[in-house]
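First the structure, then my questions, so here it is.
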Amino acid sequence: MIPFVGGDFFVNPGRLGIIEQVVAASAKKISIMDYTIKIGGEAGQGIQTIGDTLAKVFARSGYHVFSHQDYESRVRGGHNFYQIRFSEYPVMSSRSGVDILIALDKASIDLHRGQLNASGMIVYDSSSLKSKYEDAGFLEIPLAALAGQHGSPVMSNTAAIGGTLGMLGMQIGPLLDALEQNFRSKGADVVEKNQSVARAGYEYASINCPDCPFILAEPGKPLYLVRGEEAVGLGALAGGCRFYSAYPMTPSTGIMDYLAEKSKEYPVVVEQAEDEISAINMILGAAYAGVRSMTGTSGGGFSLMVEGLALAGMTETPAVICLGMRPGPATGFPTRTEQGELLFALFAGHGEFPRVVFAPGDPMQAIMLTARALDIANKYQIPAIILTDQHLMDSEWTFESMSLEGTHHTDYRLRGEELADVHDYRRYALTESGVSPFAVPGASENLVVEDSDEHDQDGHIVEDAETRNEMVRKRTIKKLQLIRNEIAPPLLYGSRDPNVILIGWGSTYGVIREVIDRLSPEENIAMMHFSQLSPFPDLEREGHLQLLNQAAIAICIENNATGQLAGLIRAETGFQLSARINKYDGRCFLLDDLLEEINDHLERLHGAGSRVVPGMR
Amino acid sequence: MIPFVGGDFFVNPGRLGIIEQVVAASAKKISIMDYTIKIGGEAGQGIQTIGDTLAKVFARSGYHVFSHQDYESRVRGGHNFYQIRFSEYPVMSSRSGVDILIALDKASIDLHRGQLNASGMIVYDSSSLKSKYEDAGFLEIPLAALAGQHGSPVMSNTAAIGGTLGMLGMQIGPLLDALEQNFRSKGADVVEKNQSVARAGYEYASINCPDCPFILAEPGKPLYLVRGEEAVGLGALAGGCRFYSAYPMTPSTGIMDYLAEKSKEYPVVVEQAEDEISAINMILGAAYAGVRSMTGTSGGGFSLMVEGLALAGMTETPAVICLGMRPGPATGFPTRTEQGELLFALFAGHGEFPRVVFAPGDPMQAIMLTARALDIANKYQIPAIILTDQHLMDSEWTFESMSLEGTHHTDYRLRGEELADVHDYRRYALTESGVSPFAVPGASENLVVEDSDEHDQDGHIVEDAETRNEMVRKRTIKKLQLIRNEIAPPLLYGSRDPNVILIGWGSTYGVIREVIDRLSPEENIAMMHFSQLSPFPDLEREGHLQLLNQAAIAICIENNATGQLAGLIRAETGFQLSARINKYDGRCFLLDDLLEEINDHLERLHGAGSRVVPGMR
Amino acid sequence: MTTLKDYMGQVPAWCPGCGNFAIRRAIGEALIELGLEPWQIIVVSGIGQAAKLPHYIKCNTFNGLHGRALPVATGIRIANNRIPVICETGDGDCYGEGGNHLMHAIRRNVNVNVFVHDNQIYGLTKGQASPTSMAGMVTKVQPNGVIAEMFNPIAMAIALDCSFVARSSCTDAEHLKSMFVQAINHPGFALVDILQPCITFNKLNTWQWYQERVYRIEEDYDPEDKVRAFERSLEWGERIPIGIIYGNKRPILEDTIPNIRQKPLIDQPFDRSRVEEFISEFL
Amino acid sequence: MTTLKDYMGQVPAWCPGCGNFAIRRAIGEALIELGLEPWQIIVVSGIGQAAKLPHYIKCNTFNGLHGRALPVATGIRIANNRIPVICETGDGDCYGEGGNHLMHAIRRNVNVNVFVHDNQIYGLTKGQASPTSMAGMVTKVQPNGVIAEMFNPIAMAIALDCSFVARSSCTDAEHLKSMFVQAINHPGFALVDILQPCITFNKLNTWQWYQERVYRIEEDYDPEDKVRAFERSLEWGERIPIGIIYGNKRPILEDTIPNIRQKPLIDQPFDRSRVEEFISEFL
């Protein structure tokens, strides 16, 4: 069994080069660096600063990073953590074992010490935890004291970061650079103080942790470090988005933050709406006026946007909505993750109209698919939904290269001179394709009339059956056919002729892919990952359905309780998946746990004793 | 082939006796009375008064009636019509041919004269139409003049009603009674004047239409005449609804009108909300406080309620929503009909939670299923949706008997002494079934805490994975299993061993049933009608799936463009229907048109020349 | 020269005798007076009898959802702050379903002109109470009469510091036109509440009822005195003032957004290289 | 006797030092003063830091959706008009997402007490501008500072003829309690806007900022004079009055619904025979 990468089946843009590396490493079965650092503490203790800085330092040092965040819906207190995994090869999921636990409070120790790997270490400061641990595996660093001595008492997190690098035996240079960048705006004094505190932590750990067991790979070329929410924001800009209106809602707020920040130097306008209903209607207004627009929200806000979604459908106004899922129903777990709204996104809105639903698997796909959503929405004058979740929004991934190549920006509007030459413009002109020319109002003497009622070609209200039939055929039936052709089939990764197929969609991409890496080539296994869900891809054209039919077992892995993709596949193809793995506790899948579950299935398939020992690490 | 009625497969409550009669008549192949009267004119001309009165008079005379309405979204002008079909046997759909056209304006003649049956008549008043028609088939009645002479010029519609009865050669007594009842509140003078105008019209027509060809069956025992919107209202009351909050929206407003009228004499409170979001949240508040509540709307309003639907799911608060569909998306055709929101109703709301979706086929089912929706919603503390449409809401049906038998009202609340004995009440107590006791707040010292966040058994916010898992299992997985058992399989009507199966849901019930009547026994055919759509009924338990598998052709008939039920059946069973008939012009299926379409399919199936000539009429 | 005829669109589906005809005419006349041609304005509307107006005059139109005209209008103005935008809306549309947007559009002071056809009833849905229906009015849905207090849009707009608050009436065609002209000329959010007879469903607030009560506010009235304006806004009953009740000169939204101050968004071309610059931030 | 301890629920997840603690305490004290036990009231809330309050005191609770507490409270009152209902809500919850419900609940004059924890910021979602954020405040989403005019809930409530309109402040615990007691005692809709420091995100309107400005309104102030009340509602800046700014004695919704005037709906048993009577109407 030769793991299959690239080629006909590998249709999604993005990470081709990286995959080859992983597979190569996997084939060589060499032991490679794969460390996990967990920073635990209360909300407000600065966990995110530590995590962000460490992730950045690793990426700058050329290590691949995957990080994810677990936090509560509160601003102070409670228990949060930030988990960073780094390796010299691409990583794209979190593991259950921890190598370094940075415990900012006692709860972190109680909750997570059990996850420590054999030679793992716990870093803490007894002065703030009011507890001392004498057991092996604990490294006390007097963070507060070091901070007080070398800078200021508020800088103890900087000491922790320095200490961590010291334990790892990394170079401190990249950290000093990062601190300089972080604090530049606060003045040289703050930068310097932070740097000396970092150094103090670093040295303390270097000296006091002689048996810190970490062996680092050679640093390499700096990598790009991208978080999901930033990726959607950048993708929006790449797709030509110039207006973003939204109402704050976790986990989508980061997109608005990103764009608002960019609006200082780039001509994009961000408007915080009074509610989600307003947000979607504002972007429809701007889109009607000729400006590419987008909004973002989570399930509750999306519910409120559903009427506007139908309005986009009826008026044929391009609109892109990023739906960042979190566990529902209702308020649910506001800061956690779930994939519970696939079918809702597919069928939301009253009446029938086509839409595009994309569910990116990683930040690079998020950039590409967000830009593509904007392009398709404007090309066909339809709504498009980016279906993602807290897990991807808050996760960081590294990439060796990054560019906007592969994104397209065509101006589909009829405007300027082209428009001035038109004298009988009709907003809903019946055309062969179903797509009518999209003129900009006010740019010529032509009137641009959009209407939420059933309307004639001019956009005016009608009541007759014939026009209705024509418009349904134009708006829904014909366009759907066209858009179908834009949809790429699911990505296949792994064996070309798999006996076992793991199926997933959206943010489970990374963890499923790593499972494939680990189980190949011992197991004849492949992943089928859906990132383009509506219109549903044709699974027959390129043989996907045949693969499913031929496999001994096809397991659908979803971060929800009811198995929505499994149902959708059956609705669209009649194919009944043989097994499902569902997780609905608000947490993401961890690599090792998922491996276990898959192994259970493999054992049932091949008989006892057939568990595959993961090929590496 | 013996047409099959009743027995094992016939599971829905209701119209058993009637079916037998139709089949008997069908078997005898006797020619039976089947007339269609169409009243056409502008909005505001009183079409509805004429139609309502005629329908009532026919029903009182013991004739079976089916009426439907076709109107525009305006208050004056345009073109509307009201179509009444009556027969001595049950009728449940509209036909394409017209026997009497009451033309209140010229447009009605232009638009509808082509539909006139061979011996049909057009009634008009040249003084108001400013046109005279000399052709055969026209009966001019000087309606305005007769009204002026015998009562008042505003009563010309009464003259038209009288005239119609005169043409038909019916007794005038039931009309005089109806007028007395209609105008009683306006005083004896108005009643008398209307009655003499009616008599004048009646006599004029009797004398001036010697070749009016209509032969009436013997009058019989008065029948109940029920419109869909009233049926939902009555069902709501029968199901114990005591609070109805809604925002006006066609075609659901009639439910609110009915309940508001009843609130004068019955303890139900109707509150017009400021918007649909408020409406659904109000009923959740009332339901939490212990009062059975309901709301109604159409697609746009339902879109706005979707967040509240998820709230009902999360808080486990009983709620019933009547969704009266009209053609979308967005404003669409506000006064017309469509079945475009089946999948939306099934998957609306963020997050995963169980719901019941019922789609009644006739007013009697509407009563029963609305009452049942209230019962199930309260029994399992879940939301329920009555999925109907303008066609059923505005249609009238007749029934020989009418009672609330078959509706249930169990008080599932924990209250009074029962509650007072409880001292450790927990709103979301984990129970074997997943259903927790439902206490009324303020009725005892127990606190009743409901929460839209993920919560513990007491109703307070949590963040942990274990509680989440327990609550998802309780709220979603376990309950779904229970509710599944409450769902009746689709109704089968026709052949026991059909070669051809016609599949439909909701308001197409009547027209499909009549198609079966007409094609049996020449064709081995049956109807499979879905009125309970979520949770999806088990099609294997009672052999429905087997029937589908065995039939040569299974045609899904839907008033939408995309074939939503067909997709749902595939998702749930893997079964791919062989053909679809879709109508999406905002109009209901007419019996004769649908017969034609089915015949086209039969011809393809059996070969040319195999069209079935409908068995009767 | 544009004439009223150039402005007339589809044949209205309103009841003959409806107050909306007067509004349509006055808008046409106002636009002519302002020298605006049909293609130079955008009319946004929600759903209702009022909201059908843009089909009946010639203009660029976005006829959206019930209650949601204002966010659409705001989006349009952000995309293109050179084109005048008018919202045609009803009392149910604007004060009922759309109340929240009204509050916040006023706060933003987006340069949009909102003309509320206030017939004190839900016309299109056949006669339910609207927020401005007077207490006691009996309808099918309110068989015991309206309970809630009549909504006072003028008072509320003043409380929210709306930059242009006027009332007019279908009974005074000249006044209507003049309010429209002044509203459109005013930079900032302009609310014109128009008393509009619904001859079919509102049998209380008829042409005559308005005619008997409505009077033009004094010439020397000072609309910039907020407290006096508030006091005046409470006048309703025997006498009902029409005219500009309140106004101020707050900065408008569009002028405070740096990215559109120089040039409308719609005229700023896309330049991928400027987006590409952001990639280095991830390194 | 019920003591404050009997009222204390879960451990709050608020930031230490947050103004919400003072509100929680004052509510407990007010309920004790009113002689109400936890089971005798219902607290409804939306989503936000404020809206978590019902988890932190003992009471019957419906913690619903962001912005939607008021309709829930209205439904509860219609179902059971014997039980006092309090809404705990934030400035975003009540004036942003939920603005339309506020307008119409005031019009209805439903007997609900709305306590708005007005920290002039979105706390739970980490510091975006709220409707009451002061112009110019810079946040992540408003990098150029807040543009829209600060929402004045007091002025708007007066314009809508709200039957009880008060402002209080976390900096005056005694006053807070007294406003709560008076609001609950008041028959009709009562709005209490509470100035509440958010120590984490609102660095402008701090404890000190409020302390320096807030003063109790004069003892002899007459809250029934609507125009003067409106004038007073405009006072914001150097000095900010707290107290009952406006009040009236309008009839409450619950008393005008005939079917609940005698007996709460919840206490009227279902009797199918009464529904069966309607069947004959179809004959």
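By letter and in written order, the chains are A, B, C and D; residue numbering begins at 1 in each of them.
Simple rule for what comes next: a residue touches a chain if its C-beta (ideal position, glycine included) is under 8 Å from a C-beta of that chain, and two chains touch if they have at least 3 such contacts.
These numbers were taken from a predicted model, which means no experiment stands behind them.
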What is the chain whose Cα centre is as far as it gets from that of subunit C? A
Does B-C or B-D have the larger number of C-beta pairs in contact? B-D
Quick one: report the Å distance separating subunit B from subunit C, using the average Cα coordinate of each chain. 38
Starting from the mean Cα coordinates of subunit A and subunit C, work out the distance between those two points in Å. 42
Multi-partner residues of subunit D (each touching 2 or more other chains): 13, 47, 64-65, 96-97, 99-100, 103-104, 131, 144, 257
Residue list for subunit B, restricted to those that touch at least two other chains: 72-73, 78, 263, 274-275, 277, 300, 307, 311, 315, 330-331, 334, 451-453, 461
Residues of subunit D that touch subunit C when the two form their complex: 95-100, 103-104, 107-109, 131, 144, 147-152, 155-156, 158-161, 226-227, 230-231, 233-234, 250, 253, 256-258
Which positions of subunit A touch subunit C when the two form their complex? 60, 222-226, 230, 234, 237-238, 240, 242-243, 245, 262-263, 266-269, 271, 273-275, 277-291, 293, 307-308, 311, 315, 402-404, 407, 409, 411, 440-442, 444-453, 459-461
Under the touch definition given earlier, write down the residues of subunit D that touch subunit B in their complex. 9-10, 13, 37-42, 44, 47, 52, 54-55, 58-65, 68, 70-80, 82-83, 100-101, 103-104, 257, 259-260, 265-266, 268, 270, 272, 274-276, 278-279, 282-283
Write out the stretch or stretches of subunit A touching subunit D in their complex. 44, 72-78, 247-250, 253, 256-257, 260-261, 263-264, 270, 272, 274-275, 300, 330-331, 334
So, in the complex, the side of subunit D touching subunit A is made of residues 13-16, 47, 49, 64-67, 96-97, 99, 122-126, 128-129, 131, 140-144, 200-201
